[in-house]
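Each of the next two complexes has chain A plus one other chain: chain B in the first, chain C in the second.
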Partner chain A sequence: METSYETIIIGGGVVGSSIAYHLSERNKEGIVVLDKKFPLSGTSGSTQAWVWVHNKTPSWYAEFSMYSAELYPYLSKKIGDVEYKRTGGLSPFFSELDREKAERLAEAYEPIGIKIKVLSREEALEKEPSLNPDIVGATYSSIDGNVNPFRLVDRYMRAAKKNGVQYSTYNKVTEIQKLPGKFIVRAEKGRFECKNLVLAGGTWSRELGKLVEVTIPINQLRGQILVTEPLKPFLNYTISGLRQAFNGEVLIGYSMEEEGFNRATTLDVIQETANMAIHYVPSLRKAKVVRAFSGIRAMPEDGFPILGKIPGVENLYVAAMHSGVTLSPLVGTLMTELILDGETSIPIDRYSISRFA
Partner chain B sequence: MDKSTIICRCEEISLEEIVEVIANGARTFDDIKRLTRCGMGPCQSKICNCLVAGVIHEQTGMEFHQIPLPRMRMPISPIKLETLATNSTTFSSVKSVLDEVELEDGKVK
Partner chain C sequence: MNAVETDVLIIGAGPAGLAAAFETASRGLQVTLVDESKSMGGQLVQQTQVLSSLPSIYQPMCGFELAAHLSRQLEDFEIRYLLGHRVIGFYKDGSVGITDEKNVFPLRAKKTIVATGASENAIAFPKWTLPGVMTIGAAQTLMNRNFVQPGKNAVIVGSSDFAMDVALQLSKVGVRIRGIVEKNTGVKANGTEKVEQVRKIGIPILLNSSIKEARGIGAVSEVDIQQGEDIWTEKVDLVCVDGGRSPILDIFYQLGCSFGHQEELGGWVPQYNNDFQTDCENVFLAGNAAGISTQGALLVTGMLAGINVCAALGAISKEAVEEGKQSLWKELESIETRSNLKVWQARNQHIEKFAHPVLKDQFIS
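So, the complex of A and B:
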């Protein structure tokens, strides 16, 4: 096996695989992705995979998310069907206090091109008749949608491999050494050398950072999700909290717990999630749950992506974030520009790891 | 078994599809599941799991005791949401996205 590469990407989830794919569009050779297990075994394979923009805050982060969502139709043309649907996103609310928030949000986001409609109760129910008639209103934006995360990562991987990228899976990195002009990466299945090293370890970024003596301030957040049996198509939109997939199953959940890497599902959160489902869409009461699952999300200390060069170490890059599904098309594009051209078409200075210094 | 033999009855996944993803690097039941949907249906892999272990063994030479079992999750058999629900509308771990929008001096933070 070849062991000397132009670029090594550590982490083959949605972020690492998107970087590998976008890089391989321009640079056909010398790219390897190392994954400690197998792509989709972590966060990227345990998500509802909303492509979500309209109520991300602050506005510059929503804008960044919007640019990524805009890339999805083009990406699907290039890598194949990832079951991306721009359904539009609805966030129902049950109090007048939330309407105030919603109005301010709509005002603030209009200048940056994110159109948010604050719907009355009647308008929301007309759009999505299955919503609870007790809602007070909802925010709506046509930019939001969802994607099949399994298809997405699989397609990134297949397209990258077709362009010559190698994947070395079940191959945990144990040691990284920086020498002039190159990195030596030791992993369970051997020793690799490269010029450029990209850390895309998601939830494991902090551990990965330690190998190069860099603090990557990423913590873990657990989310638990319920999956129903396939139901006839009845939800028109991606609702913040639940969405219906192509095959009819409904994915439900928006929980956050600080539980480290513990991927258990717990009855209390499962019950709360069932309550949320019925609170939003009462007819789900009779739907059967076939599975509960949980995923560990990466959560940067300040909530925002950590992207770009790592100052002080030549040719070392990091890409770690929450919302990797929404951001992956843009992050793959920008990291490719940064690695190959030294600059990006959209500024990413705001996302530099140096902000934590 | 020939290549069109259905391994997962719930999701109608054939032997051929499973062999293909193993050739792409999948090594465990759960890897195969995420790439093909094998085992994601109502029976949650109770029927296909031994068949898939057999395919992994044949294709990779891994011994049966080395092949990890699929991760079983609640519920053991499908259960109605209303059975799980407690009808409470106060939430703690479950959030609403508008909870994350904060106002300061009448403006979005």
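So, the complex of A and C:
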């Protein structure tokens, strides 16, 4: 394997693989992705994989998410079917107080072109008859949906490889050295050199940052997800906390726990999650839960993506965020522009790591 | 919900679990026994063949007789039986979640013995998912437990001792066995007598052969068997696949135990020490979950786990523990070196690696 590259991307999850793919569309040579395990063995493979815009706040973050969601149909045309479904998203609420909040949200979104409807109880039940009749209403956004994360990352990888990207897996990076004009990256399986270095380590970003003496303030959040037996299609929308997959299984998850990298599941959360699901969709009471799994999510300290150049270190970039599935098409596109053109078509200054300084 | 308390929780009421229950309950410990089946004895219940290599204190007997014996010897003790119940997970505080398929309740045990046994491995070939294709153990269960003849014309894939036993039993209930298909150059079974018996009743044993494809609409109706260059078709309505067995590990995953790989023990096996204790201090294991072995060995591992749990809870004197352990290990050695030396060697290798597990958790990190 050649060891000198134009660009090394550390992390082959949905974010790293999207950057690799988008970069390879324009720059066919000299890209390698290093992954400590294998793409989809971490966060990207243990997610409900919503493409979700609605109720992201503040509105500029929702706008950013919307641009990414809008890229999905185009992305599917380029890399192949990723089972992207723009189902529309429903967030039911159970009190009048929440209705006021919802209306304020809808108002805030209007100027940026995200249409959120605040539905009455009857309207919501008409759209999704399985919802709990005790709801007071729901917010609805037509741009929300979901995707098959396994297909998504796999398609990114295949498309990237077709364009000449190399993947080096089970190859944990242990040391990064900055020399004039280049980086030397030492990993378990060898030594690599590159001009550009992109840190896309997701939940491991903080550890990666330490190798270049940069604090990347990403923490871990555990989410436990339940999977039901395959049920006949009965959910029309992506509902807050749950969605029905192509094969009929309903995926349910609400929990967020600070447990580091511990991927265990606990019955406490499993039971809570099941109860929440029944609260939203009472008929799920009869469904059998066949599986539960945990995913460790990346969570930046302030909740927003950390994206762009790392100030003070030439040609060093970072892309670390929660909601990597939603944002991956846009992040891949923008990081490519940043690396090749030095500027982006949509401003990303707001997401610079320098905000934490 | 307040957790139910118990000294010892035994998960699995097969031979190992029942043996462990006897060791612990007979020394005055409060024992809870969980099994998803409504009956005790696990897979013993449908074993109508005579079990060889039982521990020296036992007369030769059939599996179902042994199951009855093991259950009967518990009658004098107050054991909390949770039959028809399943362990489905663990709470954050370490208590175990048990369901009766309707409700879930927590149970807190001082020590847990996991004796979840083994599951059969399938052998895949084109159309192997057609009804009529089943594991060899499933065919035996249908026949001996449910009294259903699983088919009329059968092919068996695999030639272990167990496959020979079931071949004989199937023949006895009128299933015509068209052949035993073995991909290797020799028969896998160690019991030469049984192989002779199988040959004698006219069942062809086909070495160097495999199933190329199954066919059928809605159910299997024929298979193509390949032996070297020859391919021919057999009309069958039953294909029994014997892909060996592997320990059932779900509970160990949930508990965060480490694993090592030992091909001869069935693949991935929880890491354990001389005391049949895993690297989770309060978790012991026994039976096929600790490595696939013969019925006699399973009993001994159950007894060992039971004695060691008694020691950990102070229910037995130090001398008695040492004496018991020594004689049981001797017994285990004698049974396993006689029935399958490779298993004995693999078990020892596995125990030696206790401090250096290959897998610290299920996520290969």
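In the analysis below, the second predicted complex is superposed on the first by the 357 of 357 C-alpha atoms of A that agree within 3 Å, B and C clash if a C-alpha of one lies under 4 Å from a C-alpha of the other, contacts with A are read in each partner's own complex, and residues count from 1 in each chain.
Everything below uses one rule, namely that a contact is a pair of C-beta atoms (placed from the backbone, for glycine too) under 8 Å apart; a residue touches a chain by one contact, two chains touch by 3 or more.
Small disclaimer: the values here were computed from a predicted structure and weren't measured.
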Which of chain B and chain C A:Ser41 touches, first, second, both or neither: both
Contacts of A:Leu284 with chain B and chain C, given as first, second, both or neither: first
Contacts of A:Asp268 with chain B and chain C, given as first, second, both or neither: both
Touched partner set for A:Val212, first chain B, second chain C, both or neither: neither
Chain C versus chain B, contacts on chain A by residue: B
Which superposed partner A:Leu71 touches (first chain B, second chain C, both, neither): neither
Overlapping contact positions on chain A, where the chain C interface meets the chain B interface: 41, 265, 267-271, 292
Contacting residues of chain B [partner chain A, same complex]: 24-28, 30-31, 34-35, 37, 40-42, 44, 73-75, 78-82, 84-89, 91-98, 100-103, 106-109
Residues of chain A touching chain B in the complex: 38, 40-41, 45, 52, 55, 57-59, 91, 93, 98, 100-102, 104-105, 108, 139, 150, 154, 157-158, 167, 169-170, 224, 226, 228-229, 240-241, 253-257, 265, 267-279, 284-293
Residues of chain A touching chain C in the complex: 37, 41, 261, 263-271, 292
Contact footprint of chain A on chain C as seen in their complex: 88-92, 97, 104, 106, 254, 256, 361, 363-365
